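Input: structures, listed below.
You will see subunit A twice below: alongside subunit B first, and alongside subunit C after that.
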Partner chain A sequence: MILNKIKIEGLKKEDPGIIPAMERRAFLKMGLLITGVFAGGSVLSATSIVEKAFASSGEFAEKYPYKPHYSMVIHQDRCIDCELCMTACVKTNNVPTYGYRTRVFERDDQKATERKREFIPVLCNQCNNPPCVLGCPTKATYKNPTNGIVMMESKKCIGCKTCMAACPYNARYFNEETSAVDKCDFCFNSRLSKGEKLTACAEACPAKCRVFGDLSDSGSEVYQAVHNLEKTVWVLRPDAGAKPNVFYMKG
Partner chain B sequence: MRTKKLSVLILILAVMAMITVYEGLVVAEDDIVGGGEIIYTKPLKSVLFSHKSHAAMGLDCNACHDKIFQMAALSAQDKADFNMKGLYDKKYCGSCHAKDGMAFASDTQCARCHIGTKGFNSAPKEAKK
Partner chain C sequence: MAEDVTKTADVAVMPGGWAGVRGGVLQALQGSKGYYAALIISGLLLLAAVAAGLHAKYIGTMYAYGASREVPWGILISTYVFFVVTSTGLCLVSAIGHVFGVKDFMPIAKRAIFLSIMTIMAGFFVIAFEIENPFRMAIYNVISPNLTSNIWWMGTLYGAYMFFMAIEFTFLVLNKPKIATIIGFMGVVAGVAAHSNLGAVFGMLHGREFWYGPYMPIYFIASAMMSGAATIIFFTWLAYKANGQKMDAAMKRALEVTTKVGILLISVILFFTAWKFITGFVGGEAKTAALDMLLTGSYAFNFWVLEVAVGMVIPLALFILSKGQNLKLIVTASALMIFGIFFMRYDLVIVGQLVPVYYELGVNEYTQMLSYTPSAHEILIVMGGIGFVGLTFLLGEKIFNGHKSEIH
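On to the complex of A and B.
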């Protein structure tokens, strides 16, 4: 993937190597790889995140390939780990106790001033270039051609778990009851296809941390957030080249 | 012979365990200031209030008790207005944690007080009431 970098005078892309070892370990523990963009916000990349997330050409900021192009913006600083999102998800999508479709990670930084804790919600990033779909030998997991959601057709799943290994976000689990891998589908089957406008987690969130919407609609809250140059927006593991549709920001 | 060896070993372990427990108790007693650490679980999980850190800033009991908070721990969480809106209306924690108050405002640094479900699960037993 060729990335066009925005050149800002005096601003250098920081080397991820400068991140303290403790934080690095904490991140590796939660299965996230530190790249030029540090989810804690300590290292800011000089590369435009939207472009990095989406395309090697610059056209993506204007044009999204799906209609609606479902996306979620996570205001990371607002998460309080009440887990109402997880509870709502489990209830809505019949997730077994050993499984999950979304999780909330915790990061502690005792060296931080004032607040020393932050919570990071993670779910399927509904990637535009999904490694799970590329890896699936039976096409049981596929990209919905209309809305871009990464879906599962459990009947076709042979349980080889290649998709689980391929996912950069560890967003899949094996469901023993259906003998198939299960994952977040932005509540497409349980809610969106029945006319609901929000995912169960976004609706349940009391802190407006999870904002769900259509990125192809310039009036939507997600579009407004992702395209706001006043704020830093990032994605998890941009190096995976998966072009995720879940964005993170603070404030 | 073997049984004797085993019983000696058990005795040593028991003594060590007792010492550890005793030390733990002493430390814990030193740590408790006022009502100790209390964790609110309503309306959602969970919020930590530390008597120790508030007292360390020079606040005495009657700074909060019992005009803002009743003496009985956790009694506030049974009230319908014990939520963020209530705090923004300068009730409960919001009496001080406000934009023009003496402490950081209630709508900032969320996870400083909100320790979440993970914080609740990993908290010491005595903090969970």
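On to the complex of A and C.
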């Protein structure tokens, strides 16, 4: 070994047992920082993390602010545009025909070598720094203090539509029936609060494209996906600085 | 009967107090045909707007207005902005003389204060039909305030502002200029705070590149002064024209110095606008797309012709050519400014929303810019706001006896 040949004074002999543990910790920290950076807004591949992660703030990911910290990971390449998620959402949450809480975009790339079209499901990103909540004059929309879901209290909505103008994800519409803005609440009112574990869209998805879970639970599928250094994870519109909780990846 | 009216009207010519106001009310009953025609047209515009607004609420604003999910703020918001910017500007221009003691500005102060109250009320009138649930607003603005919301601060501070301005005006009518000055100062503070918050309503939206940043609150204040100068010049001229009176030297001097304010503020706004574009073009794709719409795209006519030429460059040239003396040029300039500034607000509000939020994602659904066209309902409500200002201006001139000022 090279180390044995070089004699540097004061070089401490390390207990071989410690090194892997430290490496593991550093590795884990790197993972957390990646998430922080993703959440805070950059799209990074694992190879560039060290350089970029330390240039950005990772504090958000060091400790997830909510328990459970609800999040969704969208495996973009798995989406086949069957729109069962949209149907399930409409049915579960009484979404009127003129509105939607979630939808699936198409993106074409004629120069692509294999598949030329991909599908991108979108929904409310339940941001940690939500422009809608910041702007609402009457707290009709607010962050649920326990699970971080961006909620609506319809009776307080004055219909100024600031939240709609503010949202970087076009996730809000005005519901004429309730005379209030409506949006995705990760099915909190319709399902989670009644003991269900999944959102209607995640449950309806036949391709396992939408994975829903608790980001503060290291055993959860979302945590495992987001913290996987082998994969590139990104968020939509990181430039808006809203710190979204919906992550995208392929594979 | 006719004799009585004349008698009371004579009393009204003497300045001051509620007696003058009472006389003014009776005087309002005696006007030229043109005066009545203008009064009736304004009143009809207002009624049509109320009808359109109520009908829109009845059938649902989704069907009645041109605004949509993607472009939630339409011409009603931009017109609201137009009126409250004008109001703040009138307040600031009136304050130069009346609060800060620059004598030359004093003759225009009283009318400016009156119009600032009427224009903010016109703004509230228009936005009442934009806000879906004004009753919820009345309750939850008070019991569930969100202190991080600029909309909340803007609404609350504008409420305070309107209150101060009304009190100030009352004390002026009662011939108590000292108290009026103190209240007027509070009005200025509330107005500036409210108005910069209105700028921040746009400037704090960190998902909207076209608006985001500290530019908007600063721009709004400068822009208000510009509007205020134009509006007071135009309405002072109109009042004298309607009353068939000649301006005295002090009033002429007041318009001359207001013209100078106009020249300064147009220059400031031209400077602001130029730098907004220059900095914008090194920004992201979405921001560049918005600026392109104004420079060469579907809003180029609005921008170059209405905003830049009619709203700023031609009035600037006319103001300079007038040397502060040629009333025709000054009034033409201020009328053009008011017209151009209306579209300045419109472009600011609308174009800021026309770049789809998912534009840079490159999805098939949002490859094009969005569009917005005001609906008939919306246009009628806007006209009603203008009618409200017209109606109250006309009545105010009579009731308050041409806003003859006791403070100069």
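The working rule: the second predicted complex is superposed on the first by the 190 of 251 C-alpha atoms of A that agree within 3 Å, B and C clash if a C-alpha of one lies under 4 Å from a C-alpha of the other, contacts with A are read in each partner's own complex, and residues count from 1 in each chain.
Just so we're on the same page, a residue touches a chain if its C-beta (ideal position, glycine included) is under 8 Å from a C-beta of that chain, and two chains touch if they have at least 3 such contacts.
Computed from a predicted structure; not experimentally measured.
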Just checking: does A:174 make contact with subunit B only, subunit C only, both, or neither of them? Give me first, second, both or neither.
second
Where does A:251 make contact in the superposed view: on subunit B (first), on subunit C (second), on both, or on neither?
neither
Quick check for you: in the superposed arrangement, does A:207 touch first (subunit B), second (subunit C), both or neither?
first
Considering only touches as defined above, state whether A:106 meets subunit B (first), subunit C (second), both or neither.
both
Examine A:79 and indicate which partner it touches, taking first as subunit B and second as subunit C; both and neither are also allowed.
first
Quick one: is A:65 in contact with subunit B, with subunit C, with both, or with neither? Answer first, second, both or neither.
neither
Which partner reaches more residues of subunit A (counting touched residues only), subunit B or subunit C:
C
Subunit A positions within both the subunit B interface and the subunit C interface are 106
If we count contacts the way the header does, which residues on subunit C are in touch with subunit A in the complex?
60-62, 67, 69-70, 72-73, 130-134, 136-137, 140-141, 144-146, 148-152, 155, 201, 204-209, 284, 353, 356-358, 360-366
In their complex, what parts of subunit A are in touch with subunit C?
98-99, 105-108, 120, 122, 131, 134-140, 155-162, 164-170, 172-174, 176, 179-180, 236-237, 239-242
Help me check something: in the complex, which residues belonging to subunit B touch subunit A?
44-46, 104, 109-112, 114-119
Please output the residues of subunit A touching subunit B within their complex, sorted ascending.
77-84, 104, 106, 114-119, 206-207
